[in-house]
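Can you read through this structure? Questions will come right after.
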Amino acid sequence: MNNAILTIRNLRKSFQQHEIIRGVNLDVMADERHAFIGPNGAGKSTVFNLISGNLTPTSGEITFCGQRIDGMPPQDINRLGLARSFQITNIFPRLTVFENVRLAVARAHRSQYNFWSFIDRAPRIREHTERLLEQVRLERRMSAIAGEMTYSEQRSLEIALALALDPKVILLDEPMAGMSSEETLYMAEFIRAITRGRALLIVEHDMKVVFSITDRISVLVYGEVIATGKPDEIRNNAKVKEAYLGEEVAR
Amino acid sequence: MDTLVVSLLNGVIYGLLLFMVSAGLTLVFGMMGVLNFAHASFYMLGAYFAYALQGTLGFWAALLVSTLIVGAVGVIVERFVLRRVHHHGHAHELLLTFGLSVVIAELVKLFFGNYPVNYRVPKSLDFAAFAIGTSEYPFYRLLMGGVAIAMFMLIYLLLTRTRVGIVVRSAIYRPRMAEALGHNVPLVFMGVFGVGAALAGLAGAVAGAFYTTNPNMAIELGVVVFVVVVIGGLGSLEGAMLASLLIGVITSLAVGVDASLADLLGLVGARSWAEHAGGLLTLKLSSLAGTIPFALMLLILLVRPSGLLGGKA
Amino acid sequence: MRHRGLVGLGVAALIALPWILSQGLLNASIQMLIAALFACAYNLLSGQAGMLSFGHAAYFGVGAFGTVHAMNAFRGAGLLPTPLLPVAGAVAGLIIGAIVGWFATQRTGPYFAMITLAIAELLHSLAPHLRGLFGGEAGVSTMRMPSLGLTFGSTTQVYILVLAWVLASLLALYLYMLTPVGRLTLGLRENAHRLRFLGYNVHNLSVLVFSVSAMFSGIAGSLQVINNEAANYVVFDSSVSASVVLNTYIGGVRVFLGPALGAALMTFFGYAVSDLTQSWLLYQGIVFALVMVFMPSGLAGLFEKSESLHRRFGAAPLAPFFAFALGAAVLIIAGAVFVVELMQRMFSQDYRALATTARPWPPIPLFGRQWSPTSPETWLVPVVSIGVGAACVFLARHVLFKLQDRQESRVSATPFNQH
């Protein structure tokens, strides 16, 4: 019946007197690509923060693989199999690109308390890292200092960090912001490929991308989901058109 | 009972003094995001300048002038030293203020000697205000409290009731936005830094006469101010006030308590064991009074890591 | 490691020192080694993990006292043979570091800094009350016991012991950076927040790093006690914490041996000029402030920059630049030292007593001459010195800019010149 891998029920978040998230309900299936759209300030990043543990909900439930994760610390949520990227690039600026990805990858190889082996001598970590870098087309920038790359290269790195640990659910927050149309096309295809068999929740403003790679779309306006459904249903939904998309969607 | 009242009064006044110094620190942190390690050095400078000028200007004028001089020093430090390293990041600026605190302390030792100086309450103010039971309460203590309260009211009114205050508050809260609106944010930074320094300097000028004035006073007070700010939360004036009073009162009360843990254990019949074990258990609370702020800090860290009133973690 | 040859040479030189230096200088070398280890241990936490501690004397001191009690155990026979005594310091540092670290790393940034300072001050104010543990004003003294056929009575033998432990510890610290935890330590500095979202328990990691740093600081404290055969609670003083911070950043935190370099240099100067001036800490503070403003990557960074300049322009064209830079440094330092030393003497108690009774103010002896504080010539000396030094700075920069301009115009003028 409900094989949703991620369930959100009546999620609310207030900052002092202001209620930013006003009762969000959402189901994400285990192998679905689900887009999260809405005007700026609707609260999409806030919902991501609530799901990933960056913020604690004021009330409501978030369930992942049958387990309640609302209020859990981010590292525990990540270890359960949920990973995210950030809207504002959140990398390790003065380390090399290789080092950045390796830090992410190393966790899967039980590195947290490992201080009796040399990381350079662990071939599996290096291969894993190199493979990931090839997939996001950063293999030629391996030795570059992450903070000195172009903005779109940093966004690719950001995505790589989210994917490093083979998560069951991936949250991508505007992953293609700042990329050229060629890069966006490549990235969209890459995201579609890499999320086969996984759940994806993606915040995106580029409607072409949204309509081409996602299975379902939820529209968030002023902290509430006003519509959920397949791309065509959303395209033709009057409330959505009125609140957000305007006439452009008809094209 | 009388000793209790005296201790409470002392504690409140000491707390107010602590607040005078920590208010500046917390405001500057809220504004610049940098902890100014040299803030307590301004406190020390206030005391030393007042001492140096007392002879030629008299007590009150020396108070005023030394406050202004310390404020000027603060402005110069912000404009010509700290501003140059803003772009290297908060950690870098923190380290630089640390270096400045060392330099200021050493300069004080150079000019005034590595020992306490004879900065005293002037005879005209050295009388008893009233009697509590058998002991007399010194007027100067009340004066210190009065100065602190007056300063607090002045700053509060300035910040909330004047146009300058509104600009300052907006610059503290959202510097880039304030700048975009055309306000001269660097000037505001300089001003707030200078006022914070002047506040600390005034506290030093007033308190240095009563407590000791020596080259270590910056570190001694500085550590307690830091504890205040950890407990109360950086950026929170209310938190600083609460924590200052808390620490002031508890420390003051403890100084009057001659009991030790061994005495406490005596309640359950373990006194002789405790006295035999010695060490920490037989230390009197009065001699440990100086360490109470630290114990409080550790307690808060265990129980409420984000400070008494929340604030930025 | 790029400079493997250089490091090897350095180690060889260090081993040869007992046969080259006098006893006094050898003793100074011991202190330099200890300071170098302390600085590198400190840098693990502050430069590499990005957690600025201002109370690291606590772990140095804990290691010291742990060792002195270990040495006095069993009526002086010692808990461990002399060469293994630093293990006591390591264990003490590790345990206290773990406990304090658990508290301190609950907060970050400035809060963390303040907590570390407060802990050290707590120890400093508590120590004189706990006579059994810390020996009160006089401290606790001990004696080195013979071991492995050596008496450890001579400075040379102590030097070799200290050198062995410092080199081993520095090697361990270096190898640590090559392990997964070592790389994570850098991740802590760069973006601890992101590490959480990669599944790492950042608090546990921070406590681990804190403990390791405290452990090696404890070894340094231990070596000092082995050398001095005494431990005193002044080891918890804020000046000890301040020194290691100043030394580390003067040396430069981007290079592994940078802090060691800064500590060795500062300790050496402190030793060399301690009889000549009372203002050594002032000089150190000023150098630190200048480094933080003008040379953020420290002295080690300075070497790296010189190297890269050398590679870019070659030695001969750079000669005038280095000459001016050196001249500037010498002149400005000379002028500043002159002013500080003059004022130190002017404001000293003895001179002030003299000055109140004698008019005009008596001359002050300095650097072998008499200087009258009221005559303008006296003050002209430092003004001129610093002025000329500042001029040298401008000249040095001018030379550098010209070299850069010339190189850039050469590059842009080569479309038809094929090499």
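Chains here go by letter, A, B and C, matching the order in which they are written, and residues are numbered from 1 within each.
In the analysis below, a residue touches a chain if its C-beta (ideal position, glycine included) is under 8 Å from a C-beta of that chain, and two chains touch if they have at least 3 such contacts.
Bear in mind that the values here come from a model prediction, so they are computed numbers and not experimental data.
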Chain closest to the assembly centre - both centres taken as Cα means:
C
Specify the chain most distant from subunit C by Cα centroid.
A
Gap in Å, rounded to a whole number, between the CA centres of subunit C and subunit A
45
Please tell me the distance, in whole Å, between the geometric centres of subunit A and subunit B computed from their C-alpha atoms.
46
Between subunit B and subunit C, what is the gap in Å from one C-alpha centre to the other?
30
Seen from subunit C, its contact residues with subunit B in the complex are 50, 52, 54, 103, 106-111, 113-115, 117-119, 121-122, 125-126, 129-130, 132-133, 238, 242, 245-246, 249, 279, 281-282, 284-286, 288-289, 292-293, 296, 340, 343-344, 347-349
Under the definition above, what is the set of subunit C residues touching subunit A in their complex?
175-176, 178-184, 186-187, 190-191, 193-202, 204-205, 208
Residue set of subunit B touching subunit C in the complex reads 29, 34-35, 37, 81, 84-85, 88, 90-92, 94-96, 98-100, 102-103, 106-107, 109-113, 219, 223, 226-227, 229-230, 234, 278-280, 283, 287-288, 290-291, 293-294, 297-298, 301-302, 305, 313
Residues of subunit A that touch subunit C when the two form their complex:
52-54, 73-75, 78-79, 83-84, 86, 90-95, 99, 102-104, 106-107, 109, 111-120, 122, 161, 164-165
